[in-house]
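Structure, as structure tokens:
Which chain is which? They are A, B and C, in the order written, and residues in each are numbered from 1.
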Amino acid sequence: MLRANAPSDVKPAIAGAVASTGESTRKTYSNGWREGTTIPAEYYLDAKHYNTDERYIAENLWLMADHVNRIPKAGDYFVFEFGRAESVIILRNTSGEIKAYHNVCRHRGSRLCRHREDPRPDDPRLSVLQLGSSGNTPVFRCPYHAWTYDLDGNLISAHNMQKDFDMAKNGLIPCHMRIAEGHIFLNFSREKKPPKFDTEEVEYLRKMGQKYGLADLKIAVRQYYPIKANWKLAIENFLECYHCGSSHRNLVTTHNWDDNLSPDQKARLLREMTTWACEEAKEKAGEAQGMGSGGSSWATEYSGELNPGFLTGSVDGKPVAPLLPRIKKWTHCTDLATTAHSTGYWQAYDDHVAVARFTPRAPEFTDCEIFWLVNPKAVEGKDYEPERVMSLWDITIREDIWIVENNHLGVTSRAYGPGRYAEHEGSPARFIKWYMDEVVKA
Amino acid sequence: MLRANAPSDVKPAIAGAVASTGESTRKTYSNGWREGTTIPAEYYLDAKHYNTDERYIAENLWLMADHVNRIPKAGDYFVFEFGRAESVIILRNTSGEIKAYHNVCRHRGSRLCRHREDPRPDDPRLSVLQLGSSGNTPVFRCPYHAWTYDLDGNLISAHNMQKDFDMAKNGLIPCHMRIAEGHIFLNFSREKKPPKFDTEEVEYLRKMGQKYGLADLKIAVRQYYPIKANWKLAIENFLECYHCGSSHRNLVTTHNWDDNLSPDQKARLLREMTTWACEEAKEKAGEAQGMGSGGSSWATEYSGELNPGFLTGSVDGKPVAPLLPRIKKWTHCTDLATTAHSTGYWQAYDDHVAVARFTPRAPEFTDCEIFWLVNPKAVEGKDYEPERVMSLWDITIREDIWIVENNHLGVTSRAYGPGRYAEHEGSPARFIKWYMDEVVKA
Amino acid sequence: MLRANAPSDVKPAIAGAVASTGESTRKTYSNGWREGTTIPAEYYLDAKHYNTDERYIAENLWLMADHVNRIPKAGDYFVFEFGRAESVIILRNTSGEIKAYHNVCRHRGSRLCRHREDPRPDDPRLSVLQLGSSGNTPVFRCPYHAWTYDLDGNLISAHNMQKDFDMAKNGLIPCHMRIAEGHIFLNFSREKKPPKFDTEEVEYLRKMGQKYGLADLKIAVRQYYPIKANWKLAIENFLECYHCGSSHRNLVTTHNWDDNLSPDQKARLLREMTTWACEEAKEKAGEAQGMGSGGSSWATEYSGELNPGFLTGSVDGKPVAPLLPRIKKWTHCTDLATTAHSTGYWQAYDDHVAVARFTPRAPEFTDCEIFWLVNPKAVEGKDYEPERVMSLWDITIREDIWIVENNHLGVTSRAYGPGRYAEHEGSPARFIKWYMDEVVKA
């Protein structure tokens, strides 16, 4: 009955509902926010802030949409949705190139392809022809008046138009697009020149891409996860593992990310690691390792070891697919890469890669989709079972959605006041600082 | 999850997302809209524009509500709903007159009769007495405190009121009403004097009424069709047949409205028409005919032939009911009338008449209801089957709802920019010009 | 499809849609409202007024939340929700004291306990640990990062925090709380000093508490009743019995509250009463009695007789439980108490007490919960059946919800204009005057 997005207008914080701060919470901003603490609820809840966020993201970030191998053949396409209203067709044309066009007919604005949640009832009497949210087609024909576009967005049919109507000027509107290591990135800027694509994090993705051969892998399985929470809460969650020990039993059994261990437990685990750990980990011996170990190492890049007994990111530690083509032996290692503030997220293992994307859709609603990549020669049912490939991160994201939606509900209270990020929450703290500096410009 | 009415505040159009225009798109208005093109998305999406629209319609248009034969006996009534909040009881009083009163108790504002979507659970323990959204009653008794009104709206019982309480001044508030050819029209003006009723289009409805004996027909079947789209998109759709060839296979098999035919196909159809066409069509031989033929003939009035082999507006062309009383033989003809920008719509055949009404309810929500009229002497199950009577227009409206809801979704995109109406879309283009001139006053 | 809260911006009342007033409608306020009439629709519908209401209530009223015997043992707790966003944990600590803390973690704002309508799907793979909306627990551990609080709200565990982090300053935020006659009252003021608790109505509740031994009774059964209407409509409904005769067949069969009786019927009932009526009623013989008798007697306190043949507030008049410990014989009497404008409501009988609470949640949404108290020694299944204990008021509230939701729908119409309260509606008339004076400050 009640919506998750109670507005913030009735909730000046209760006196005292503010984190006790110390030296480690530094600068105070013009809007009263102190660096090192969580942000006032209005930034999570209010439509006006969401509008700012959505527009900022549209103009400035490159959102990872999917893997090129989702559309291997000419005419393959799928629809990607962003924000409250954007819908883009990503397709492969007859030359084998990937293209992205807004899913909007130039005539009267109809969507050419349906969106994900619109599976028209199968009434066989109806004669409307509309493409679904993914498939293969030689042309995009509008379901309304049959204006038809080819795979390069050209308007190739529009009957009964006036003599001064210029078909060439009525092609589909392109969307900015880049491809890196087999992954498609979109930017929604209205400007002709989109923002810079090649950042440091993309460089790191390219490194991972080479190591794991990302561009040539195949999608074994995919799953859509709608999240009833503000996008920043979803991102903050994926930027830290301070919560992993308490919320992700399976994840910390697989990964060395349990921050809740006692000193004794940690020491024992480290001893076991010595004989087990992967090469990268050995090289870095003595350095801070991974998410469990400090504020600076999370996000954009991370290499680390799996827990003793775990060969890959599976619930039981056993392989879920054949080794990836470029991986020659079981290394006990995992690599992580992210782009654009974890809106794109890659977790690579020797036998598969879990890829997640987060997309803001409304003040209190965020899309999450995960797909799992495996060796392109692996055969479903013979070499791998989709359920096993996806199990660890499917469980993990479901746990995250629970706690993130619960977090969204909590910040609506008058008793919520900015709290203190822990030392291990350096990444969300930096994300929030970036948000205040660059998006809110506080 | 996502609502159809994403606001327009985040969507200044992408550069280039505007129709190429030519001489046929003429005047440019103060709000930037060019005649001959579709309107900016905000007019379809924003609550403030919907408020303006709803108020304009309330004050200025006569909305067709239903046929008088829905309430043949004294005490028969039904509830008609308009906009986000209006509810009116239309009834037949003991003198046989049709009356319309707001469905609001003068005491504390309760609804006297329930609305359509409120079928109270049948808990036999509850003793509240409330009339449903249609039925027969000697009086209207408020379910709350039992204030009771007679069929002329007079308050006839209100116990325990103060001595200075004047029953005579607390009758039900009447709603402006007119009847034409057996159809009830409402206007929601707050002024005592409503707008003029007898316009040219009502004149034409009267002509059709005489030809088909509309006032005396009986309702064979009715169906409610909620539409998740702005009312203007629903109206624009019903004002043109440019889309019929691509979206209405059954409709263009019955009617000569397929604009997508090749010249060869058109020529063959015309030859067949010569021997088949109805008298009116023959008289007008050589003139432009119907929806398939140009920008000026659609809406308010239209007469035309059915396709060869079709005796009536049915899926198979076979009769669905006995000839109407005033129609003496099968003519192969059909007539169309509309009122108030197609918010009232009549499609008459020799054996039945399909009558549709469109009513705005919210920015992204429009009511549609269709009822089908037949010979008053026809007996259900013997002379006609409701499913057959309704089939053609039931299929057609379901197809229209699909494409109209899809259109509403599309215009939310930043890539939607005003597009160009085709030559055959003269009627929606004129409707939109009227909207800009009279409602928006741009 | 349509929401109950159509905004008032499109609905200046139709000319004439205003109550005829007389001397009994006195003062006219600056906002045009006349004392003795119902309020303009905007006060029931608009978010801005609801915001004012919610904030006023938070700061000024003491809302009855529940009975202490809901949480008899140390560690017992439940969640109470107020307004669009507040959630409070009410618990019993190890010393046996009742405490109330905001259900918000001081770290990042998560809810510690789930809310009523969030029964997480029972996926056994998920490892998130979160307390439900009621239960027993030694500590409150946040499901996100495991910050842990004891039963006195102290933060007792938060790993990996900075050295300058002060645990003592990060305890749960307390909520103002008072207890009277076994009932827990909350106030949401942001000030350290909450408003005065001991008012005249609380004094009367204490009197009733002594007579019926309220503090020691046990909860036999409870039921949650969400209401899709503005809180003021729900309160107005519970403040008068002018509607009882028409809407509550069972209630007026049990109670002498039928205002619709004819003079003959009233006289006969009075004769029967003479031999039946309870002691209090006999003492007050000749005085105005109860809800059926005038404008001044309803609310805050009331004592009265049950109808002949009815020993208690049951559908058949037969006992539903053993006599309460302090009641020594069947008295044929009932007592009523209310607090804070009937947001707390007690109806006491010889063998049970029905206790209702009303809580605003959104402009068009109000929580109602009723619990029924019985003799603490009574055994379910042997001495009482919950269905019989709850039947009369369960039926009554369901009837009230019907008419109140219907009232909310009705006031949205342009044809609603302030109407006249009847003589027997003195209590809602006074409530509305208080609302205009104190909340709106018109």
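Here is the rule we go by: a contact is a pair of C-beta atoms (placed from the backbone, for glycine too) under 8 Å apart; a residue touches a chain by one contact, two chains touch by 3 or more.
Here the structure is a predicted model, which means the values were calculated and not measured.
J.: Chain A and chain C share one sequence, so how far apart are they rotationally when you fit their Cα atoms? Give it in degrees, rounded to a multiple of 5.
T.: The C-alpha superposition of chain A onto chain C needs 120 degrees.
J.: When chain B touches chain C, do the two copies use mostly the same residue numbers, with over half shared, or different ones?
T.: On the two sides of the chain C and chain B interface, the residue numbers are mostly different, under half being shared.
J.: As a quick test, compute the distance in whole Å between the mean CA positions of chain B and chain C.
T.: 45
J.: Would you pick out the residues of chain A that each touch at least 2 other chains?
T.: There are none in chain A.
J.: Once bound in the complex, which stretches of chain B touch chain A?
T.: Residues of chain B touching chain A: 1-2, 6-7, 9-17, 19-20, 22-24, 38, 41, 236, 242-243, 245-250, 259-260, 395, 398-399, 402-403, 406-407, 409-416, 419-424.
J.: With touch defined as at the start, can you tell me which chain B residues reach chain C in the complex?
T.: 51, 54-55, 58, 83-87, 102-111, 114-115, 117-118, 120, 123, 125-130, 141-146, 158-166, 169-170, 173, 175, 188, 190-192, 226, 361-362, 365
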